[in-house]
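The structures come next, written out as structure tokens.
Two complexes, one shared chain (chain A), two partners (chain B, chain C).
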Partner chain A sequence: MRAARPAALAAPVIGILLALVPVIAPRNVSLLNLGFFTFLYVARGVAWNILGGFAGYISFGYAAFFGLGAYTTALLWLRGWAPVATYPLAGLVAAAFSLVVGAPTLRLVGPYFSIATIGVGEAMRILALNLDRVTGGASGLNLPTTVPSKGWFYTAALVCAAVSFAIAAGVRRSRFGLGLQALRMDQEAAESLGVRTALFKNLAHILSAFLVGACGGLEATYLQYLHPDSVFGFTESISLVLITLIGGLGTLWGPVLGAAVFYAVQDYLLASYPTLHLLVYGVLLILILLFEPKGLAGLAARLWRRMQVSR
Partner chain B sequence: MTAALTLEHLTKRFGGLVAVQDVTVEIAAGGITGLIGPNGAGKTTLFRVITGGVRPSAGRALYYGREITGWSAHAVCRLGACVTHQIVRPFADLTVLENVLVGAAFGGSHRLGGLTARAEAEAVLEFTGLARRRDVLASTLTLAERKRLEIARALATRPRVLLLDEVLAGLTPAETDQAVALVRAIRDRGITIVMIEHVMRAVMDLSDRVLVLNYGRLIADGLPAEVTRNPQVIEAYLGRDFGVM
Partner chain C sequence: MYTAQDLISVGISALLTAGLYAVMSYGLAIIYGVMKVINLSNAGFVMLGAFLTLVYFQQWHLDPILGAFLNLPVFFVMGWLVYRLLVRRVMTALPIASLLLLFALWLVVQNVALLIWGSEDQSIITAYTYKALALLGFRISLTRLLVFGVALAVLTVLHYGLGHTYIGKALRATVQDPQAALLVGIDTGRISAVAFGLGTAFAGFAGGLLALLFSFTPDFGGSFQLKSFTIIVLGGLENLAGVTVGAAILAFAESFAVLFMRASLQDVVAYALLVVALIVMPGGVAQLLARSRS
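And then the complex of A and B:
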């Protein structure tokens, strides 16, 4: 609701600058890959934050949406569809599933909701592992090898991140966003002031599931090989929670910063120390919970204010 | 003229406990009705049954002749009956203005556009004397201001019937006087008020009619002066000293 001018301008400027990278360095594959994965994490973190941050429903089950999106694209692609055309459908399948899951689970509050979502996520993974006729089961699914350039993937992921960000920013300053914030702080009070809390929670869930599902579709195109343990894995769910908590729960820029740090740490450490990144995330999480509940975004805002004062 | 609220044999059981028992009453439009009774008499439960927080076990509730039994809370609020909470529940991380904006943007039978809702919220802040504090976070308000914010948010939903749950509790004498003046001003706008209150001086002063609840049953109903002389009420709630007064 509180408009911040420099921040409103920052997003499009950063977006345009990033969009120039494939033009300037079309052959720098490692940079384009870094961008692709980071932007996809940004897109998913921002989307997750619409339900988790704005409405306060911490879900540990978003791998279900990501995996459904990935398999939707994969199966249609194998039937001759152009991958790009399948992304909206991947989102829709995830959104439809979120409605089925959300209707019962969003009645639960706090940790009860979170625990239920873990169950949903794992159930989907087990289901995908066992439906071998459709998903290829434990041997995975090989996808066509004719794919666009790295530069194309980079730009597509950037578009996903931008769309996600624009939607979250729009939600935040809208009546819908005000309702979500109110129900996060006090559901009963919000309800008694006329907020249709059940409807709003489900809408937030559907919206974020749609975006995460579409991201799953794009990632499937990139990977060319799908396995239930990767796209439906619990790691995928927990990543989105970590990204948002590290970056700043409920803030607009938090998941953006969180995703950048999250993927940079993982990318840098994974090759030489395969499990060290987990320790880094753990330490970061503890520090944030203890000292800055609004995460990196809160820290940045604090430093910004200090600079304003000292000037 | 149809009554603002009609309750017919309204009953709420929690397991073996009967919190509200066979309450039948009509509340006419306009004026202030006091609802008193000892702790645990079922006053707040009765409010919640009317405004959709809890579903009644039996009986009916009508708002201007329209059945609202078992409606959800947001629907009752949009129809025009709004309740404030005994334990204040501000949206702590929103500003005072944003708190009131929630009521303005979501309450009421017709939806206000963004700018109209904002203007409505500002007008309500002015009316309730919170305009000075509009940009501070609700978590920084004093208790008296929080109680006022409860009322302001409810008013922003543009209700025809306002149910106030102990808006005077915990206030200093000076704050109580201000709050009493505010309740009068709301009544003068033509809003029907039902108020649960323990501050006897204020209830007797404000109310045109007093209802007394004890163990979930309505044991008295009448003018303030009549009710204070009712032996059952003295026995159950007021105590002998009050009768002598």
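And then the complex of A and C:
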């Protein structure tokens, strides 16, 4: 427990420091954009980790929640709602869908759940492409251009990331979080000890879907143009898998580290080699699975221990 | 609404598709059967098979069907190496580890292909690509017929090999019970490497055949990947003969679904079947029939 204390203090300190950036540099658009996208990835990675890391259910279908959130905000915004007011609803729509999908698929164990979620995610993308009366279909959907400043977006994404992180930290420490960990290790043993596994898995799914849906709403406000292939795309789903696995599956700080690395690499390589970043992540993921299953967070912890010993 | 003529021609088309689907999914079924590994990199090797066939065609004017056959040994070696160098190392970890590893490999293969060949649509046009045969009043594309014939022939040879050679019997024994196979002196480690090689060889082979029918990009294969899963789940994951049944069910379901819904929604049939089949009948159609009989 002693080791947890500096880490518990680190999060609010880092959060406050980051919140000062738009005050100090309100005109540095590229920095604010970098922050916006990174924080949104942090928020989604941390949320995905609640089900994928804590409970061990690796989903390849989170684009469905992100896309539903994005389209919920977009459609309400076009009907005159203030975007901010739609984010909770975007989350709720995603959460409701996660219950519909999760109730049957969360009965599947390990790899079968993963495969089923690929099916659900891709089916949603194709449905979104074909429901052109609602989503604009393959020609996309143009959104209002009256948007807040970059500084506002930066702060909003930071708040999303902070809320996600606080919820994940809370879950991890609670009985609920312990239950999730127990069912990840051995579902039957957990059940026999009185953990309500079905309820817990679905709650974790709903919670993370809600957060990802709300993030989708915020991103829709920023993008001003939605296309089913981007917000419902498979790349969106695998981003969250990669962020968490590279950062450290099941750890609190893993997805944060993972998202920072993920977006930095993507931003750096996107300009010159539009697809090379996925190659880099693929190689990185192979190395991590072979040598350091706890990801960058595990690597950092290992280096930290080594430094302590040598001191 | 539809004439008998229409329905028969849809049926013929479904049958031809089923042959292709079966070849495409066999590799997945072998690998799953022997080591319970879900090979998410299958699509990557299917795509690579299509591109290598294109390379043979452009460099040596090698016919795509021969190219598909040339892929068999090439991809066998590739698969064998992937097993020895990567998959074997995570076999002791959780089952999800091998799935994620092969998913990462898929990303790598896909993006290496993108670096080499770019993202433009590629296709192989042979002298017989646009030919069609007239059979009892139905026009059937020659390439589709050829692909079906070749697929059928190769599956027959494989079936014979599994039933009558030592390796084949050892492989089937490992599918049925790895522990018992080990007890009777089967080197299951070697069988796993062979199975992975064989599975990958089939992916490359299927890629070669697909290249004859469709245009392709490095992204090619994603939707086929999910269809292959649907097929092996419908066939009853550990049942190698079930693959043909699963392929036929999916091909017919998809082909006839188009009569009732938009063609662009066709893929949803496969995805919905996948999720339903995983949940309702993990043992496949065979188990479902057995259950209803008892």
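In the analysis below, the second predicted complex is superposed on the first by the 308 of 311 C-alpha atoms of A that agree within 3 Å, B and C clash if a C-alpha of one lies under 4 Å from a C-alpha of the other, contacts with A are read in each partner's own complex, and residues count from 1 in each chain.
Heads up, the rule we're going with is that a contact is a pair of C-beta atoms (placed from the backbone, for glycine too) under 8 Å apart; a residue touches a chain by one contact, two chains touch by 3 or more.
Keep in mind that what you see is a predicted model, and the values were worked out from it rather than measured.
> Which of the two partners, first being chain B and second being chain C, lies in contact with A:Y112: first, second, both, or neither?
So A:Y112 only meets chain C here.
> Between chain B (first) and chain C (second), which, if any, makes contact with A:I126: first, second, both or neither?
second
> Can you tell me whether chain B or chain C touches more residues on chain A?
Of chain B and chain C, the partner in contact with more residues of chain A is C.
> One more residue to check, A:S149. First (chain B), second (chain C), both or neither?
Neither partner.
> Touch check for A:P293: first (chain B), second (chain C), both, or neither?
It touches chain C, and chain B stays clear.
> Please indicate which partner A:T235 is in contact with in the superposed arrangement: first for chain B, second for chain C, both, or neither.
neither
> After lining up the shared chain so the two structures overlap, which partner does A:L178 touch, if you call chain B first and chain C second: first, second, both or neither?
After superposition on chain A, A:L178 lies in contact with chain B alone.
> Which of the two partners, first being chain B and second being chain C, lies in contact with A:E191: first, second, both, or neither?
A:E191: touches chain B, not chain C.
> Once the complexes are superposed, what residues of chain A are shared between the chain B interface and the chain C interface?
Touching chain B in the first complex and chain C in the second, no residue of chain A appears in both lists.
> Contact residues on chain A for chain C in the complex?
Against chain C, chain A makes touches at 56, 58, 104-105, 107-108, 110-112, 114-116, 118-120, 122-123, 126-127, 129-130, 234, 238, 241, 245, 273, 275-276, 278-279, 281-283, 285-286, 289-290, 293.
> Which residues of chain C touch chain A once you look at their complex with the stated criterion?
Residue positions touching the partner: 38, 86, 89-90, 93-97, 99-101, 103-108, 110-112, 114-115, 119, 222-223, 226, 229-230, 262, 264-265, 267-268, 270-272, 274-275, 278-279, 282.
> Okay, in this complex, where on chain A does chain B touch?
Its residues touching chain B are 1, 175, 178-179, 181-182, 185-186, 188-197.
> What residues of chain B sit close enough to touch chain A in their complex?
It is residues 51, 53, 72-74, 77-78, 82-83, 85, 89-94, 98, 101-103, 105-108, 114, 117, 153-154, 156-157 of chain B that touch chain A.
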